[in-house]
Amino acid sequence: MSKGRLEAFSDGVLAIIITIMVLELKVPHGEDLAALRPMIPVFLSYILSFTFVGIYWNNHHHTLQAIHQVNGRILWANLHLLFWLSLVPFATGWMGENHFTQWPIVLYGVVLLMSAIAYTIFLRQLIAQEGQDSPLAKAINSDFKGKISLGFYITAILLALWNPRISLVLYVLVAIIWFIPDRRIETVLTE
Amino acid sequence: MSKGRLEAFSDGVLAIIITIMVLELKVPHGEDLAALRPMIPVFLSYILSFTFVGIYWNNHHHTLQAIHQVNGRILWANLHLLFWLSLVPFATGWMGENHFTQWPIVLYGVVLLMSAIAYTIFLRQLIAQEGQDSPLAKAINSDFKGKISLGFYITAILLALWNPRISLVLYVLVAIIWFIPDRRIETVLTE
Amino acid sequence: MSKGRLEAFSDGVLAIIITIMVLELKVPHGEDLAALRPMIPVFLSYILSFTFVGIYWNNHHHTLQAIHQVNGRILWANLHLLFWLSLVPFATGWMGENHFTQWPIVLYGVVLLMSAIAYTIFLRQLIAQEGQDSPLAKAINSDFKGKISLGFYITAILLALWNPRISLVLYVLVAIIWFIPDRRIETVLTE
Amino acid sequence: MSKGRLEAFSDGVLAIIITIMVLELKVPHGEDLAALRPMIPVFLSYILSFTFVGIYWNNHHHTLQAIHQVNGRILWANLHLLFWLSLVPFATGWMGENHFTQWPIVLYGVVLLMSAIAYTIFLRQLIAQEGQDSPLAKAINSDFKGKISLGFYITAILLALWNPRISLVLYVLVAIIWFIPDRRIETVLTE
């Protein structure tokens, strides 16, 4: 099976996820600058989630470069990943509207954690097909960033019960770690 | 006529259908965990519908692999299928908000039934073009799963008038039956 | 310039237009069958508009098959067409919520008329590029269906001031006329 | 890395941005012509923003014609551009609902300005990859239109504090300047 439609469908879903988040920025009724002030937390959470979805799209793009075919398991692992990412707009909206309080911060972390686990499963399925000696398997290898992210998410979720602000800092840190595109695959493929 | 744009348009519509369902998960006003409790049925119905649309996308993908060209009848049979699938978000929302009561369960079944009938018509049009000896015709052949699903949907719609919970179990069963991707086509094509 | 992205962007916009119309079908609060009754006119207008957008997508698809390249004028003529079609969801919603009364019927006709004019301009630009001797020019030729449609729309808009039901019948007639896919281009291309 | 998915994802996001703006045109409750009158400013701002997003799509399309590969920096510069453009629907809605008053006009200008800056950064990244002697670098060259636009936006934002109507005229002027598609690249590529 060719990978073309998997990419097209994922691009569609990710494009919609990243764009419908902006619908949470509801047009305020006032016409002065003060009317925008209550939107600042919603806007900040939008920036954070836009970055996360952008990171997933970037990594998805990079990874599928190294793949030539897909199978049924990969299709479902991809849908599973898209399912968790599709909950990002909801978690973002809840977090933004409640000004980064405890439970919204926890839920946001859970959605990010489940997305990260889903992405790990997706990578496993890709490697299972390509083989342990494939360039992809070498490129992913230890998956250092992936493991660190999972650790950060779990820590952040637990810490949120004590101090949600620290959790938020951890989420931002993960975004920064991933912001640098995944050169592993690029490097191995070029070799 | 090439099949490229049929795939692209269907991918777009299916991606939007699967994603706008998440808009039914309206951001709650409270900030504690209790605020999420009323959303559980909406969330469960979202999982079920996400799975169904995912199944349709998977099968659509598999089936069109076996096709090289499309004609006007196929384009309309495809639009007819997308029409019924486009009603899934509405039926899902009504079912979730009313905690799986009788009539929403019936409507949900009707939308799934009509989608299944539309998919059968779509397959017929594909086979009519490819010929009765084509790999696709052999792969679809008896369409065992398709016939079982239609039977399950009709049973579930009728049973809902008596006990809607059983109908829900039947819908989940159909999803499980189809969850395993359609290997028929893969197998025949590989031969 | 290649036509690939023109097709992809148009597919995206048309897929969204056809799908966001379903958002007008707002989930009713009641849980019995009676709660669906007020939605019948909204649903009927959805069917009509789904058919119209489907027709445009079909014809757009057919026509671009005959084209190899696009230029700046074609890109803008296409955006102009998408602009008018993007107003279809609004006109559909207004018509459905007001049970097909006078002014919503007029507005619906105006949006359809402007879309039809925009499509005519789009075809002119395509022919201007391909040349008067091109297969496309021969296929479009007299554009019988296009002229009839314009006539029907104008008649329907004027009649709506007297009896909006007749206008609605005329809109349905245009949809039926176009429902049969545009064989002109298929035929000429096959030759 | 091939540019195919960058184009597909951008087409998806731009198609959604241009289409969800129409959701701001909320179906009015009245059924007579007067019910549409309050929507005129919302509609006018929709036309303006549709034109701007259309211009960006056109230029994005033209520019990527001249590119063969993309790298990680280009992917992020593109996401950065899409981020600012994704705020256009919000700024458009606020401006339309407040009948083009001061602060909404300022915000609209800021979003356009940031989008223009993001597009300039995107072009820089493309040229950095293609080299200073590439056809693209020659085509963009002095980027006369880009510099004029930035000047117009800054002037408009400052003037809005005094007379927002003049700012609106400046925005329309920029749209007119860009309406003519970017022949620079077409010309150089043809050579």
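As written, the chains take the letters A, B, C and D, and residue 1 is the first residue of each chain.
The rule we apply is simple: a contact is a pair of C-beta atoms (placed from the backbone, for glycine too) under 8 Å apart; a residue touches a chain by one contact, two chains touch by 3 or more.
Note that this is a predicted model, so its numbers are computed, not measured.
Under half of the residue numbers at the interface between copies chain B and chain C are found on both sides, making the touching surfaces mostly different. When each chain is reduced to the average of its Cα atoms, B sits farthest from chain D.
Centroid to centroid, with C-alpha atoms defining each point, chain A and chain C lie 37 Å apart.
Here the spacing of chain A and chain D, counted between their Cα centres, is 26 Å. Multi-chain contact residues, meaning those touching two or more other chains, occur in chain B at positions 8, 12, 15-16, 20, 23.
Those residues of chain D that touch chain C in the complex are listed here as 7-8, 11-12, 14-16, 18-20, 22-23, 25, 27-29, 31-33, 35-36, 47, 50, 54, 57-58, 61-62, 65, 179-181, 183, 186. Those residues of chain A that touch chain B in the shared complex are 1-2, 5-6, 8-9, 12-13, 15-17, 20, 23-24, 72, 75-76, 79, 82-83, 86-87, 89-90, 93-94, 97-98, 101-104, 107.
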